[in-house]
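The following pair of complexes shares a single chain, chain A, combined with chain B in the former and chain C in the latter.
Now for the complex of A and B:
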């Protein structure tokens, strides 16, 4: 049970004069229970890749194994609904998918579609809304009256309420303030740690990627050019230059400390880790 | 939405793409007149060959044009049935279920079908090779004479171009919201009527709220950049007729004259 792309290609506008190969022979295994980041320049195929994960797009060549489902190119798929229940996709600017009269009605919409009973759906929804820290007093308010960050969290609750095994996030923090972003990222990290959900995050925010993601996939022109540990990626000068990566501040700080004679281990991720190591070395 | 060919601009480079939009609009009007006047197959043959030549020059692919005929098939069949039941002149060709089908019925239908197919090809050719914005510039220019009667040509052209500009955006937005709702288990294709209504609602409500938001943002942006309705405006791109535009218009004009002559003499 894992996520595994096998020679998968996807072509937009096939048979048109301006056909475009968005994904080109992707071979990729994403570990279950990990937090994996997918990064790459605009147009490198990130969104196309994640839309395959719950069969919004189907491969034109190759196949994708995910959980117990196997999606093969040019075959009619019969298990779309159970697959979409198990793989929750949180879209970019997901607040635009809200449409019901009240917050709670909007959140139970997903679970009801996936065949949960009314009571089960309500229970799951309340649970999900609590997870995203939406206060009970908002449950019967129209979602359109909430603030941007709250709307985003309600939309995320709508996905979490379906109880997915894999959660895919496409730029979950785009357009949010730092506090709102951190709240959302912390939520997914804790879902990963406590409930062992596999989390896949598409992001431009290398700070966030460096701080929270175990593994990173780098896409370029529809091809996977790197897949491995995030720490390895950001400590390899050659790779950083090759992919034109923006260095996270923490890494810049680590590099400066190293230049000044401190020995900072690769695993030091947060400012606390670094300070701890510096203190130890100063005390010696 | 993927089958939506009619009215879609195809961004490639060809002679037809380079033609002046005003010339193409005039050409369109002339050619449509040319298509609707004649009653002889000769005229259709000539027009058909010219359209085919233009299609090849525009490099848009015959396949695309054929695709745009698909929605018409039902209408054509309907027309054939109605004509077979009502038109009773000419020779009896064959009899189906005690209905005698006359030759004129078949010919009339064929005429209409050929005309429609030519017209769709010509308009698809125009929209496929002309950027929507250029098209509105062309329309604005053609409407110029109406300014004498205080007709707000510029404002109308601006509205048309904004509407055209946002069609792809709204389509994209629709696809995105559909995808988001599909991820929440909405099935847009199957299901009972009541569940279909809910799925459509889950699409339309967000679409409306996004559209309004965009409209406000656009209005603010236009105001911030000093847009005043009715003010005199200059242009960065100034349209200019080149020699090939005159050749193009001349060909279209000649075709129209030819088809009028076939109506008179053939």
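Now for the complex of A and C:
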């Protein structure tokens, strides 16, 4: 099973003088069960692309097959609610969207809205808050009293409580401190590995993409210019130059070593991996 | 005399917890100081206290020998400018030019002189081509550059960057960090930058590390990063190069370089000596 964009285009201000084709004939299959990164310069269409995944935006041309749903341009969509339950979208700076008096009320809003019973919704919400490691003592506190990282995790819990199969995160670590970022990263890795959720991440953070995402999609001017293995992408000098990618420091380190005669395998993606390989060569 | 002196400064938002808990240190004129600490450590609060945006509870902050208090606030404000985190929340003018003019108009600068000042600083931040653009049509990095030009035009002695790069994309971050490094070369400008970007610390002269409202360290970046375990204890990261050195150290190879190229050279030498 996969998530299939088929010749999908999206045009903002269609039929207006300011019409702008934000997505241009996208053909893309994202593997279910993967962690896939969507990268590209500001304005390349990343957010527009992911907002199609739960039909916040509808295609102007082409279609999108996702789970058991098929969203076709210019057709009335009848299944938006179940689709939005199954595909959870965490926006950029999602903490700005917390609105309830208490943390638990905020999280429970989603599951109640999607028709879970009161008790089920409470259970789901508590489960979700535990997953994002928000301590019970904060459940009845105003979300405004939490730190930035905690707020964002509460916002993510609101999505997880609806039990989505696919989780889409738009710039999930932007603006967080390193500890806060690490918690979010550990969270989505474990959602993927233990609960087998499909994770799609829009990010500018190539370090994170390199370390944690199996596959990467590169968008440029509304078109898919690369889709494949993240490791392949960042080890291909031609692609890096063509897409103006900022190299993760780990890749810079690998390149510097290779240029100086060390042999580093493509699969080495952490400092420990690389240092391990170097040690074997210097201590021969 | 130091340009900025903090003497046993306390502040709390409510009575139970001290957001700033007895902090003293000095900042020299013309220096570039980064302030780091995990979320909630008091970084932004400290910046607001220095700028007089929050009233201190006890202790004293002196800028150029002037105590930061209600009485001196307008003189203090003439000396400093702040670049905030969100590039979208700091525009007034309908074009880049107008936006920079706003501050100058408030200072009653004559219009013929104003034109000259605006052009000078638009050039300094590299936005000549964008002079007549509407700010909302600029990228995040460009917006922050407009904000910086607006502040530079007021010729402040001190510029405070309050997480000014954290909402930008990598390109924008790089641009603004480069601009900050360039500004730091000017001895008349003192830079204070509150940041989560551990790599930015490497380009500053001094680093203030805060933890739970207390001063944890105040030292040169190399000194700060020579204790990675201490930083990890308070939830802070260390720069990539330091992580690499740490990993080699675990495996009994001590490396000294402060950049990747040098480090790999050291490894090559190690290779040929063993």
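The rule is simple: the second predicted complex is superposed on the first by the 283 of 284 C-alpha atoms of A that agree within 3 Å, B and C clash if a C-alpha of one lies under 4 Å from a C-alpha of the other, contacts with A are read in each partner's own complex, and residues count from 1 in each chain.
The definition used in the following text is that a contact is a pair of C-beta atoms (placed from the backbone, for glycine too) under 8 Å apart; a residue touches a chain by one contact, two chains touch by 3 or more.
Because the structure is predicted, anything quoted here is derived from the model rather than measured.
Novice: Counting only touches as set out at the top, which of chain B and chain C does A:109 meet: first, second, both, neither?
Specialist: In the superposed model, A:109 contacts chain B only, not chain C.
Novice: Let me test your reading of the model: by the given contact rule, A:272 touches which partner, first (chain B), second (chain C), both or neither?
Specialist: In the superposition, A:272 touches chain C alone.
Novice: Looking at A:119 after the superposition, I want to know if it touches chain B, chain C, both of them or none. Which is it: first, second, both, neither?
Specialist: Neither partner.
Novice: Determine, for the superposed model, which of the two partners chain B and chain C contacts more residues of chain A.
Specialist: Looking at chain A, the partner in contact with more of its residues is C.
Novice: In the overlaid three-chain picture, which partner chain does A:89 touch, first (chain B) or second (chain C), both, or neither?
Specialist: The answer is first: A:89 touches chain B but not chain C.
Novice: If you stack the two complexes on chain A, which partner ends up touching A:74: first (chain B), second (chain C), both, or neither?
Specialist: neither
Novice: Give the list of chain B residues in touch with chain A in this complex.
Specialist: 10-12, 59-61, 63-64, 173, 176-177, 179-187, 201-202, 204-206, 209-210
Novice: Taking the complex as given, what residues does chain A use to touch chain C?
Specialist: Result: residues 41-43, 147-149, 174-180, 204-206, 246, 249-250, 252-253, 256-257, 260-262, 271-272, 275, 278-279, 281-283 of chain A touch chain C.
Novice: Which residues of chain A touch chain B in the complex?
Specialist: 15-18, 51, 54, 56, 81, 84-85, 88-89, 91, 94, 96-99, 109-110, 113-114, 144, 158-159, 162
Novice: Flag every residue of chain C that touches chain A in the complex, lowest number first.
Specialist: Within the complex, chain C contacts chain A at residues 38-40, 85, 139-140, 163, 166-167, 169-172, 174, 196, 198, 235-237, 240, 243-244, 247-248, 251, 253, 260-261, 264-265, 267-268, 270-271, 274.
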